[in-house]
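Here come two complexes built around chain A, the first alongside chain B, the second alongside chain C.
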Partner chain A sequence: MRAKAIQFLRSAEFYLLLIIIGLGVLLTFLTDGFFTLENLFDILVSYSFLGIMAVGLMVVLISGGIDISFTATATVAQYIMATIIIKLGGNWLIAFLLPILIGIGIGAINALLVYYLRVHSIIITIATLNLFYGVLIFVTRGKWIYNFPDWFAEGFSLFEVETADGTIYSFSLSIIALLAVIALAALLMNRTSVGRQIYAMGSNMDAAGRMGFHLLRLHFFVYCFMGMLAGIAGVVQAQLVQTVAPNSIVGRELEVVAAVILGGASLAGGAGTVLGTVLGVTLIAVMQNGLALLGVSSYWHKVVIGLIILASVSITAYNQKLEERRHARIDV
Partner chain B sequence: MRELMFDLKRIAGLLGIRAGSTRTYLVVLLLMLTGIFSIALPDQFFRIANLQSMASQIPELGILAMAMMITMLSGGINLAIIASANMAGIVTAYILTHFIAIGTPATTAALVMMGAVIAGLAVSMMIGLLNGWIIAYLSVSPILATLGTMTLIQGLNVLLTKGYVISGFPEPIVFIGNGLVLGIPLPILIFVACALFMSLLLRKTAFGVSVYMMGSNEKATLFSGIRVKRVTLKIYALSGLYCGIAALIMISRFNSAKAGYASSYLLVTILAAVLGGVDPFGGFGKMMGLVLALLILQVISSGLNLLGMSAHLTMALWGGILIFILFLNQLRDRLGHAKS
Partner chain C sequence: MSRNSFLELHHISKRFHGVQALQQVDFSLQTGEIHCIVGENGSGKSTLVKIIAGVHLPEPGGKIVIDGAVQRDLTPARSTQMGIQVIYQDHSLFPNLSVAENIGIHQHLETGRALVNWKKIRQTAESAMAKIGVTLNPNHLVENLPVADRQIVAICRAIAADARLVIMDEPTASLTRQEVDALFRLVKDLQDKAITTVFVSHRLDEIMEIAERITILRDGEKVGTYNACDIDDRKLSFLMTGQDICFQPIESEYSQEKTILEVDRLSKRGNYSDISFSLHGGEVIGITGLLGSGRTELALSLFGLNPPESGQIRLNSKTVHLASNWEAIAAGIGYVPEDRMTLGLVMPQPVSSNITLAVLDTLVNKLHLIDPIKKQQFIEQRIAELNLKVADPEVAVNSLSGGNQQRVVLAKWIATEPKILILDSPTVGVDIAAKMGIYDIINHLASQGMGIILISDEVGEVYCNCHRILLMRKGRLAGAYTPSEISEYDLGQKINAS
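Then we have the complex of A and B:
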């Protein structure tokens, strides 16, 4: 127990938590609006779909790859789903099942390409991002979709709480989906054989292959899982903003990448935790929210995200280098 | 007749076109595509206007592709090329539009113009140095390092311009992107100069050899006594400098600078490099291959444009072609292995 506690105190997650708390305290003093239930709740709801995609990306990074195409997947999935439930009608089952299937399908394509072409997955997924997104914009001519059916527009919630001043906080679709995805991923990565195999593959692909792990199947699993979560994120986002605009998710890839890397996942594979990812998303969300509350123009947001990515990858890489130097010995 | 064939063979040999090489396939592909489009578009494709527009588009994409290629040869990648180019363009444009007024004397104006161009090139080279430093001295992987600088610099570009376009440059600057020298568009001359310079650098200097060696095996290169860190710095600085040159042509051609120009080129530069025979893992690839790949991509893009295909579909097509080329490379490797 004590060993575990010490391990936690040394982990990236712990530092991340400290930074978030520090930032939270700072923002509480600097702004009136930050530390209110309403604002914190708003952050949770509006960043839930980014959180869902971040969990998916984390699994890809742990497996030793990267996926940039997930925003296109989410957009394609939500676009087709919205078109079908508006034209043909439907229910929540269809609204979720359809994007999930589309996401899994696109994920399977990515998995096949990454596995067989043996080129770094960033090159493959930059290509598929352009491919899927280009076709979507061409077919739909970039039209926005409004006028969801009532059942979809209203959303659903498990329970609602009304506070004294009349604000309603509901345990709504976004939050349920986010929590479900986090729980699913935590279970998958820590308690199942597949999860541990993904860590193994990310640490050393050749070794994992010689151990007898089915690498193609693992690739399918990882990229389809990412696709599935991108599909779910697409539904959640569409329900949240009540429109489907082809350009509203694409372009936000790097925010998600930043959050996941911040959470301790490494591009080299084999490292990353669900808790870290959740904290990474939280930090990005709190930071953007804080900048907005402080009245800093939104032009600064991308600069700050870039600085965060650079700082976190540099510190991680530098620490690793020092660590290696400490263990280095000269074999004669 | 026989003599003519012999001459053709010799010219082909000088250009590095031999049976079975990547370049031979590329030449055949280029001839085929040109043939197809000239049949499909009988009186449009070979019109002077189309050839001119093709010639004006190749240089900026081509120089950016060279910036991508040299990092890929060393086993890295530079995802920040477009962002670097835009920043160089914005800096140059800012100086040009803020320090030259209508009443400015000609000599001062000339100095400001030179200063603006040098500042733009310096900025993009500094970004390259920053990339190289992060990669070499902090041991961050090139993908992550340049992903970070790309985001940061894109952000800075939007912040600096507030999303607006900076436009209206003096005549000499506009000339860089649109002028003719001896009847040849100046950008083409700059492109050829850049290609020759990088080609010589890669083939004839110790630096070039170290770039290829690093791409094949970085550790072995280090152990063979090459200062890998310095070479990395130079590679990314050169890559940055080329982004700056491309930016100069680009802002001059558009007579404006903006944060979002050329944002679709990132994929196309990778595509051009890979199509031209650059190994995505580094170590292999030649300038001639890249130039042929650029010609092929330009023929496809102009042809489709004349056929009335949407820009978005072309974007999708680039993604598709890249995947297809990677597939062919993989196939060739496997067949090669099977033979040996």
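Then we have the complex of A and C:
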């Protein structure tokens, strides 16, 4: 138990947590609006779909690959879902099942291409991102969708609480979906054989093959899981903003990649935790929210994200260098 | 002690794209024996191992019998099931996972198991370690372990998978002498548990220590299987290469008058301390010592990559402060690193580009663009000089054999016309015939007046190629010897005494 506590104090997650707390304290003093229940709930709700996609991407990164196409997957999935429930009617089961199946289908295509073409997954998924997004825009002419059925517009929520001033806070669809996805991913990566095989494959693909891991099946699992979460994120985002605009999610891929890398996942594969990913998304969310509250132009948000990523990878690289030096000492 | 036969191979042949990798090889293993398979690079050792592991199927007509049962269409899964475990040279471990999970990794593959039983994985790991009497912290990540411990993890994993035959590919390549001894004790323990061990290696002296029987392969054919007691080093190398190779101490002379390098009380904390020696033109100095004795750190300092904290380096009696490798190259020092894969060569680039890499700025025309004719002539000249066997200088370096790759590195450095050449373990992973070629080059360069520092932990290599041998131990110079005043055996004893 003590060893575990010490391990946590040395982990990337712990530093991230400190930074988030520090940032939170700073923003609480600098702005009036940051540390209020309303604002914190607002952050949680509006970043939940990015969080869901980040968890999916984390699994792909751990497996040793990367997926850039998930924003296109989410957009295609929500567009088809919205069209169908508006034209043919439907219910929550359809609203979730349909995007999930579409996401899994697109994930399967990515998995097949990555496995059989043996080209780096970043190239494959940049291609499929453009492919699926391009087809969607061509077919729909980029038209926005409004006028959701009432049941979809209202959404649903649990545990409603009314505060003294009459505002109602509750676990809405976005929050429930995010928490469910986090729980699912944590269970998958730490408790299941498949999850552990994904960690192993990500750190040494050759060894995994020699060991008798079914690499194609694992590829399918990883990219389909990513697709499934992108589908769920699509529904959550559509419900949140009450419109489906083909260009509203595409373009945010790198923000998600940044969050996951900040959370300790590595482009080299084999590393990453659910907690780290959640903290990575939180940091980006708190920072963007804080800058907005401070009245800083949104163009600066990108500059700050860039600087945070550079700082984070520099610290990691520096730590590694220290570590190597320590090992060299022991040898001599 | 009579033993049962565990594995028999009859008339095994294998062709790859028209190349005959194995031809009519018979091979057998008895339960609990320690057997070595030796041969030069390309002799078919790995192909034979892969056939036993079920990775390759032999050509029709071959027969594989394991435990008395004929195996048709042996697959990796079937081979594992029969208790055959291969430990590849890279150990095939998962560095991001803990020791326990690496050892118990097979449990993730059991069918019908969706959830991980962490307790069982830990128990498996502990019982595998207990079986061979090793203790590693099961919670440590493998990426933080030294190489020798990683090998132990790989062996434990094989044991946890109920191995009855453990095949180790070049197991001693990156181990120090003490670690090799520990490994050999471990193998003896396996033997007591009726587990058969096969070593695939080309370190002849070590094989002789441990093996009971030795099978020699040459050009895909089996030369024979011998009892280790009926054979010696020299006969073994003759059977492997088909040539009677005899290492002779170096004969070329050098003049004591021209000192080109003096190292005076050079120290760097944690690396080495108080190192003094001098090098003459045409002289070959060997620096030897165990892995981690500070020899590589010293070499890097002479090449400007690891600046010393105190002491002096004098080139032709002039004190220099080498702060980077560029300054070292400009001062006439060349360095062929130990790890040619990562440090010495641009692997996917052609031989020609690699040879000219360090001297491109001398091969230019008046406009300071690269002159293709000059470059071509230069490349041809170097290839001829080093007896490099390449069909076409435009083939990528990573398609060459280890010995030829090493010659390309040498060619690259000789191209800079250094006065001092530092060679760090130039024959690691290179077979005997290619070694001889590299030794010839060293001899030739020395006879032209170049001063050479040869770093190696192979006693025979420094003994036969150097005029003087410096022994390093824990960062200090522990002695200097000339081959005429000490025998090779005694030198080996001095290196390993700690």
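Here are some notes:
Everything that follows uses one rule, which is that the second predicted complex is superposed on the first by the 323 of 332 C-alpha atoms of A that agree within 3 Å, B and C clash if a C-alpha of one lies under 4 Å from a C-alpha of the other, contacts with A are read in each partner's own complex, and residues count from 1 in each chain.
Simple rule for what comes next: a contact is a pair of C-beta atoms (placed from the backbone, for glycine too) under 8 Å apart; a residue touches a chain by one contact, two chains touch by 3 or more.
What you see is a predicted model; the values in this text were computed from it and never measured.
In the superposed pair of complexes, A:Ser157 makes contact with neither chain B nor chain C.
Of the two partner chains placed by superposition, A:Thr243 touches none, neither chain B nor chain C. After overlaying the two complexes on the shared chain, residue contacts for A:Ser46 are found with neither chain B nor chain C. Applying the stated contact rule after C-alpha superposition, one finds that A:Ile309 touches chain B and leaves chain C untouched.
For chain A, the partner with contacts to more residues, out of chain B and chain C, is B. In the superposed model, A:Thr28 makes contact with neither chain B nor chain C. In the superposed model, A:Asn204 makes contact with chain C only, not with chain B. After overlaying the two complexes on the shared chain, residue contacts for A:Ala317 are found with chain B alone; chain C is out of touch. Against chain B, in their complex, chain A makes its touches with residues 66, 113, 116-120, 122-124, 126-135, 137-138, 142, 254, 257-258, 261, 267-268, 297, 299-307, 309-310, 313-314, 317-318, 320-321. Residues 77, 134, 138-141, 143-145, 147-156, 158-159, 162-163, 264, 266-267, 270-271, 274, 280-281, 310, 312-320, 322-323, 326-327, 330 of chain B are the ones touching chain A in the complex.
Taken in their complex, chain A has these residues touching chain C: 3, 190-197, 199-200, 202-204, 206-208, 210-213, 270-271, 328-329, 331-332. Partner chain A is touched in their complex by these residues of chain C: 76-77, 80, 86, 88, 90, 92-97, 101, 105-110, 113-116, 139, 270-272, 291-294, 297, 474-475.
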